[in-house]
Every structure is written in structure tokens, then in C-alpha cells.
Amino acid sequence: MTCHTSGDLQEIVDEVVPLTNDGEVADYIPALAEVNKHDLSVAVYNVRDNTCIYAGDYQKKFTLQSISKVLVLALAIQDRGYGYVFDRVGMEPTGDPFNSISKLETSVPSKPLNPMINAGALAVTNMIKGDSALERWSRIRDFVQRLASDKNVTCDESVAKSEFETSCLNRALCYFMKQHGVIEGNIEELMDIYTKQCAIEMSCFDLARIGAVFALDGKDPETGKEIIPKGIARICKTFMVTCGMYNASGEFAIKVGIPAKSGVSGGILGVVPERCGVGIFGPSLDKRGNSIAGLKLLEILADKNNFSIF
Amino acid sequence: MTCHTSGDLQEIVDEVVPLTNDGEVADYIPALAEVNKHDLSVAVYNVRDNTCIYAGDYQKKFTLQSISKVLVLALAIQDRGYGYVFDRVGMEPTGDPFNSISKLETSVPSKPLNPMINAGALAVTNMIKGDSALERWSRIRDFVQRLASDKNVTCDESVAKSEFETSCLNRALCYFMKQHGVIEGNIEELMDIYTKQCAIEMSCFDLARIGAVFALDGKDPETGKEIIPKGIARICKTFMVTCGMYNASGEFAIKVGIPAKSGVSGGILGVVPERCGVGIFGPSLDKRGNSIAGLKLLEILADKNNFSIF
Amino acid sequence: MTCHTSGDLQEIVDEVVPLTNDGEVADYIPALAEVNKHDLSVAVYNVRDNTCIYAGDYQKKFTLQSISKVLVLALAIQDRGYGYVFDRVGMEPTGDPFNSISKLETSVPSKPLNPMINAGALAVTNMIKGDSALERWSRIRDFVQRLASDKNVTCDESVAKSEFETSCLNRALCYFMKQHGVIEGNIEELMDIYTKQCAIEMSCFDLARIGAVFALDGKDPETGKEIIPKGIARICKTFMVTCGMYNASGEFAIKVGIPAKSGVSGGILGVVPERCGVGIFGPSLDKRGNSIAGLKLLEILADKNNFSIF
Amino acid sequence: MTCHTSGDLQEIVDEVVPLTNDGEVADYIPALAEVNKHDLSVAVYNVRDNTCIYAGDYQKKFTLQSISKVLVLALAIQDRGYGYVFDRVGMEPTGDPFNSISKLETSVPSKPLNPMINAGALAVTNMIKGDSALERWSRIRDFVQRLASDKNVTCDESVAKSEFETSCLNRALCYFMKQHGVIEGNIEELMDIYTKQCAIEMSCFDLARIGAVFALDGKDPETGKEIIPKGIARICKTFMVTCGMYNASGEFAIKVGIPAKSGVSGGILGVVPERCGVGIFGPSLDKRGNSIAGLKLLEILADKNNFSIF
């Protein structure tokens, strides 16, 4: 399937692109610091007629980072079942930063508040089945390929390596959870899989396509085949609403009102139930780690098209 | 308008009423401790045809408690505007208990995370316009009367008094916020208004009727007149989803998936956009302060009728 | 008894007075903000021969502020006994700021960590016996007069009033503790007494004289009569070492090594067991609320005279 | 030198040994869980005449655990200097548990509050000089041998191994501090050295001998040679007073009043300046991790002999 340029979308991009001046690219992961902060691209995949429109460089690739959390969650619930997953990871949003460790210490029992913060996402990745680290990683990659309907999707090894070498904070979270029995096994192996999942690379078009799957409650928009069971797709969309946009999730729900998940690479995955999937790439970030121009773009788009689910 | 009994509803009530054994009525407010913990009533107000069905004692009255937070928020935004309100109170859900003070201290700037926790609700009540405490309280009461379409709705003075005398924790929150400039004026007056708003008394039928207003984005289901501007009604519904059910909001969003607000009196206000309003009263509470049988009742109702917005 | 100037002391004062440029006077209490930040005076009361030396304006008056905490503690233990006091207030130092409320919330049971932080000091003042607020305050004032051997010591009403009107944070602490049963009674009365005790006014000479009493384990240095029982005087000195200098207590113990208590007015009460009492006034404060020049002065004095108890 | 039995000491031991019933041995380190909880031994090394008295099995060996923190601190300050050490580790006592991670997150800059909590001790061990992990460990062991005047003191390899394998929490602390630049280098190597230092094995007699060195401000009680420079010995003693007994340091300062450091093995190192060193072993612990009978024994001993420095 191809994606067509859209004058309407381009107008919005032109309107919001100056905002990229006000943000900064993520610099705590060395490999992320090298992108062009003025990049901005968007694709919208319409599930009603399998058409796609875009503006900006819709083939420009970027890494998923935290967006991967919601995809791996979908796989983990399939692998382990609802009960197993949520015995180990909570369902509640949190006002703390995504990489906070304090709440793990004060919570009784010690379990991550939800699967969208780093601690929860690490625990979820730890649940993926497979006989080896390689097999577990391969199963994640294959699942994302199916969602994006693209056999070439894989991780950017240099970004994965860069994150693997510098992720002391995530290791701290892992060891803390291992102490409390939330996760088990070898931490370096887990970090290897987790940094690879974060480094999965794709374009905003791929992302819009994945959004389309969620918009159809887990069905492939082209074949109609189920990739994610409906109940699990709904759980994922719910987490996207309550805690998908870091510490701006509440504000985003009010201003935009759709399930969405962002990453510090500047990507945003948006879902408009039964209507469309949205993929955005804009690496200039606001202080809470969301694409500064991407947020505004989604807000305008949602307003014009009455996207809000509320 | 009258409300009719429903065999279908009664069946669900019969199914879940044994759960009331597993919970406890709130006892920190002396006046609340005296209710019958096995009470359970529900009303559903259908906005499409202005019909209402119920099961249990649908005229039994109870106080709103935290349910009042979302109603007063609607009035405050009308009084002060979006910018004024959200400069002083945040929009983000929190994993902390509803009466926590710690986060106020660690947040920079010090503002309550959202209007559904006690700190935020006190700050919101502090924004209601009026030349005197009496006028401010009267405006809240009148607004709730309009929502319920019932001129007789008012507060239970003895519950209000009981809470006024024992609310040391809320006073602590008030003084802390006053220190940081989040609220202003006389704290005892504010406590007087706040304890009255919490003590507003109504039945599950009244509550379902209020839910119907929100289901219609703020319009009176009988007259069609706007009681709450659409944008404000949507903000309220969003907060109900992200933080309406205390520390079980995330789980409720996944299991039920509708805007709802609970109170420690055992009331639950539910909203199914464009379809119906739901009012529940079941004073036996789970550990997080939600009606234990009411939650299950809503879950079954939502499942049978495909209520979820996700 | 009179106090004589000392060239040696004056030399140290001259050496450290430039440090007053690097600090700031406390401004959160309006009445404190008006002092001259370059003031610096010191008096040393030798208990071996009842002589006193000074440098700077040794008659300049200032309010005790937090220094009063250790004096009122001595009275409270006499009034209520060791068991009663320490059932309600802990004995442990804390790394949190003196006015923090978070730890009250997370501690189980909820009791202030020690009597030198505001919460603990408020709880201690709440224990002072008396049939009325006036009598309780009078007993505190009389006790301080005995310690200073000066019948004229009393509070500065305007400072007390200024603090009474602005102390929202202390009220928050009080109500929080009242909720948890740590303190009881009328909060406004307690605030009245507490702000008066903080506003007790004296000179560095008076303070040195009080230090002399502690240096003698509670005995009046002139009459030899017991003002504070020995065991209680020792408890007070221990708290001065472990938590007398706000969040710099640990560093002060290492650098100076004597029991001491500071106040945000810039006063420091120092005790060298069996040798002398020290009183300092220097209102220019460092970031942790201690007299910036006073600290250095004490460090030099302690070093020259081998004051450290370690 | 030999140590003689003492009827006076034995009487105190007999008096307090029933308290061992009220405590529990540490079980979070598998190898520690196997000891006899009713063991209780004590040795007192008099520095004035180089005599030693004991009661109980004074040759019974146990591991130092947290007692090692104060010894390694003495070496680290010698290796790196006062400035280097305290740029990276604070001097303030804390009300948080010894293994807490929360305060590291909330402190700005992120540095451990003091060298007696695990985070601080790990950072201090990270400062010990040496070209390899082996050399760094050897230098610690040799230093402890000099303090104990016993060339045979070394670690219990099986305890070290047991701790190395189970110390996820300490690894979490290490990675968290590495993220914030407080520590550097290979974490597994650091854990290897740290678990060995904790597993250094000795008797209460050895411990009393080490206490004697501190009682003499760092001098060997037999040869008079300096093992620790005086200023550094004083710093160590100060930390023992402000934070040597976990979360009971404040209470211990009031009840006993001497520099002391405890370990979860049940050991206590006590120092009475210019008088004696005390070594205690009693593995039955109270809730805060201190030897339950050992504490009482020290309290009685201090009371009878007027040990308190306050």
C-alpha cells in the first residue's frame, strides 16, 4: 500500500513546525542526540478504506523507544495471560516520572504502578516467552513486523548498543525489582532485549499502520485477520489513555482525547477507534519528553476531525 | 419523570449483593458509619428516550462525598475559566492516595496533581465565586439541583457538621496550599463549604439523572438546555476516566471503561456517552474506597451492554 | 554579672564577618527581614570561674526562633516525663528539611522524627502543662527567664504576631498531627504559644548564660541550683548534637563537635560540657538556615580551644 | 595480649541474655540465618593499662557486616582526602532505612546522605585505591588486620559468596549512583569487594581491640603508633554517634551516648574516648537491625561506668 501527500496535513505541519525551536532532542542516549530537531512528519492511516495520507518525510526512520512498551505489553498478555501480567505490574497511572524508583520502594507490595513506566515495561519484557534471549527478542521483533506489516522492521543495533552501555538507571530498576521478586533471571540478558525493543526502527507510516491495527481492536486492516485479541487491544488502548504520554497523559486526554503513546525519540503512536491510526515523528521534545510539535499537531488534527473519545 | 423497576437490573443486583459482606462502610466520618452495609441500589437513565430503570431502593438517600468533586469542578471552570483553574490545579493522575500530602511537598511548583484528589478538590471549591461563604455554598447547591432537576436537593447538615469537626487532614491540606499560594482566604469558611458539598444528599436516581447530563455533553436530557458547556463536560468526563475511582481508576478503565466518579459514601456516578447515566449506591467499600458491589455491578452492566469507550 | 570585651574573640569576629556578605537574612517571617545582615556578636560564658567575654554588640537582641525548641523540650520532659514525651515524638535525626510534612505521612506510626524539626517542636509545645494558653506560655517564659537569669526576658510581640499570621505551614503540620492523634486541643491556641516561644528575645550574652546551664548539666552557674535535672539536660545536649543545626547537623558535628542549636534569626546556642556556654548572633544565613559567619566563628573557636567532644 | 573473664561483665550478660528471645537473627543473607540466636559475648579493652576483660565466648567469630563501613571510611579518607570523599558522600544522618533508595532520587545533587547507609558505604568502598579488585580488597583486609593487631583476620568466603549472589538491592543502589556519577567502574567488581569487606570475620575481642584504637584517636594501644590520623578517627567517631546504629542512632545516643557501630550479624563496636574499646556479639536482632541484648548490655555498662560523652 502507498501513502499519498495531503495538503490539509501539510498545512498543519507548516503551522506547528516552528514549535520545534522551543524543544530539545533527547540527549541522554548518545545516539538520539544526533537527529535534526526540526524534522516533523505525520501519517494517517484510514481503516475504513485502507488509504493513507502524509506530510513531511514519511519514510524517515526513527526508533520506537517507549512506544515499544505498549506493543510488548500486547505480546506479554498473549504469552502469559491477564492474571499473570497484572499480578506483577499494576494498572494505575502515576504522577511520578517514567524512570522513578521511589514509588517501587514505598509501594506495598513492591510492584511497578503500570506497564508504561520504565519499571513496569522492564517487568513486562521479562515476561516474554522464549528459550533464549535471542528467541525472546526475535518474537518481539516478529510481532512488531506483523503489526507494521513489514518484514524488514528491526532494531538499530548502534542505538541499542548505545542504550545498553549507558542504561544504569534501568539496571537499577531491574535489580530493585529482582530483589522484590517482580522479575527474575539474568539482568544483562533482559537489558539486551529491552534496549533492542526500544531501538526498533520504523517510519511514521509504519506507526500509523500499527495504530490502524489498534483502531480495529487488533485486526489487520488489510487482511482482517486478528493480530491481537480484542480484549488485549482494548487494555492497551486504555493504558495509552491513562498513562501513554508520560506525565502529560492527563493533559493530553483533555486536549486531544485519544489513545496514544509517545517515545523520547519523538515518535507518537495515535489511535482513533474504528477510524484511523496516526504516526508522528518530531524529535524536538518538551520538558516531559513528548514531541513538542507532534503534540500540537495531534491536538489540531483531533479538533478538526472530532477525534476525542470523551 | 418516574423510574421503573427492571428485572434484568435486579438480577445483577442479586448476583453481586453478596459482595457487600467483603467490604466495610467508611468509618472515618462518624455519620457515615451508621448505614446498612448490605444496601445496594442502582438506576439507569436512558438519554435516548428519557426512560429510567432501577433495582433496589432507588429512593434511598446518601451523601455525595467525593462525587461532588467533579460537579464543583464543572462550576469552577464556568466561574473562572480553563486557564485560571488549571494554573492552580494539575491534570495528571497520581498513584498516591486521595488524601496524600507528600506529593504537594515534592511537586515543583506546589500544586495539587488533579481536581479529584482532596487537595485539588479543596483548591477547586476555593475558586467558586460568591460574596460570602453562604453565597458560594448556595451556588454549588443550586447548580447540583439543576443537574439533578430537583429543587429539594441539599446537604445533610448533620453529616456536614460531623465532617467539619473531624476534618483535620483536609485542614492540613488547606493550610499547606495556602502557604504555597494555591488557595487563599479563610480556611474555616472553605472547610464549611467543602464539607457541605460533600454532604449533599440524593438518591441513585438523582445521580443517574446527573450522569445523563454528562452523557449529553452537558445538556438537560428533558429540556435540551445547556447546563454545562460541552467543552467543560468533556473535561469532567476525562478526569472521571483518568482519576475518578481513587487508586483503582486505571483498573476500572480497563475493566469497565466509562467515565465514573465514586464517593466513600458508596455512591458511584457513571456516564455512558450519548447513551445513559448510571447512579449506584452501595456503602460497603473495598480497600480503595469504592463500593465493592457497585464496582462489580457496573462491570457486569458494561460488559452486557458494551459500554466501554475504549 | 558583667561581660568583658575580648581581643581574641574580636579577632575571630573580624576574620569571619566578611562571610556575612555570602548569606541572606530569613525573609519568610516579615519581621525578621528587617535586620542588618552584617551584624555579628558572640559571648562566651566560662562556667569554671563565672566570667564572660564578648565581641561585637553583645547586648543586641534577637529572637530565639528554633533555639527555643531545645529549651521547651527541657520543660516538657519535666512536665510529662520521658515516656510520655517520646511516645509522641521520636529520637531520630532526619535528612529532611525542618519544616517537612512528607515524613509524617510515610512514617508508621505517624509521629515526628525528633523534637528539633518543626513538627516535633509543635508536638512538644503541645505537652506543656497549664490551665490556659496564657498559663502555658507564662510557664515557658518563666523557665527561659530562669535559664537566662534575667526576669526581663520575654517575647517580641510584633514578631510573634507576624509569625502567627503567616504560619500556614506550621498549622498544616499541627492539623496533620491532630488527625493522627499526636497532638490534641485547639490549634490556634497552640500556634499562639508556639509563635511566642519562637519570638522570645534576648542577647548573645543571655544565650551564652543559658549555654552555661547546659554545660553544667542543668545547674545554675552562679547559684549551683538545679534548673534542669541532669538526665534531661543530657538528653537536650544529645539532640543538639544529632539534630541541632538543621540539615547541617552531621557536618557541624564533624567540623565543630559540640552540642549546639541554631535559629533562623541567626542565633546559635553552643555548649561545651563543663567548660562554657556560647551565644552567637549573626543573622546572615547559609542555605540551610544557619548563621553563615556564626558557624565559621564557632569552628575556629572550637579548633583553637579543642572544644570537640569527639 | 590475653583477655580475662570478668564476673561483673558476666552478671550483666546473665541479666540481658533473656532478651535474645525477643529478637530474630538476620535471615536475608542465607549464611547469617544459621547462627545460634542466644549467643552473647562481650569484651572490653581498657586503653589505660592495656588490659581486657570479657564474658561469654569471646573467641566466637562473626562477620562485621555494616561495622566494616566505618573502618573502610577511615581508609578511604586516608586514600582520597576529606574533600574528595565528602564531595561524593554527605555527612547528614537520615531517618530512612539503611538500604533505602528513595532519598538518592529526591536529593539534589544525588549523593548518599552519609557513609553509614548502604549507598554511602558502597560509594566509599568504590574510593579505595588499588590497581585491581584484588588489590583494593587486600588493602582493606590489611588495614583491618592492623586495627585488630591480628594478621589472621580475613573474610568468610562462604558468607561473602552468599551475599554476592543475593545482593540485588545493593546492585540497584550501585547502578543508580553510577547513573548519577557518584560511583564509577565495574559494579560486579565493587560488589565483590563490598561483600568481602562485610564478611570479614572476627571475635568480640578483636572488635574491642579496634574500639581501643578509636578510643586513642587512631593510635595502636600497644605500640602507640598511629594507624589512623587523629582527625580521621574523630570523623569516624562522629559518624558513629550520628548514624552508627541504623535508625536507632538517636535513641542510642540518648540512652548510651558513645560512638558505636552495629552490624546485622549482631556485632557492635563501641568506643569510649580515652578509656576503652568495646566489642559485642549477639546475633538476635531487634526490628531496626541492632543486637537486642547487645544494646541493653551497652546501656547498663555505660550507665554503671558513666561512659556517655554528653
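As written, the chain order gives the labels A, B, C and D, with residue 1 at the start of each chain.
Following the convention adopted for this analysis, contacts are C-beta pairs under 8 Å (C-beta built on N, C-alpha and C of every residue); 3 or more make two chains touch, one makes a residue touch a chain.
Remember, predicted model here, so these are calculated numbers, not experimental data.
Work out which chains are contact partners of both chain C and chain D.
Where chain C and chain D might share a partner, there is none at all.
Tell me, please, which chain's centre (mean of its C-alpha atoms) is farthest from the centre of chain C?
A
Could you grab the centroid distance between chain A and chain C? Build each centroid from C-alpha atoms only and quote it in angstrom.
55
Take the average of all CA coordinates in chain A, do the same for chain D, and state the distance between these two points in whole angstrom.
48
Return the distance between the CA-based centres of chain A and chain B, expressed in whole Å.
Their C-alpha centroids are separated by 33 Å.
Scan chain B for residues touching two or more other chains and write them down.
Counting only residues that touch two or more other chains, chain B contributes 106.
Considering every pair of chains, which are in touch?
A-B, A-D, B-C, C-D
Can you list the residues on chain D that touch chain A in the complex?
Those in contact with chain A are residues 100-102, 105-106, 168-169, 171-176, 178-179.
Mind pulling up the chain A residues that touch chain B in the complex?
90-96, 103, 107, 113-114, 234-235, 237-239, 241-243, 247-251, 253-254, 257, 259, 273, 308-310
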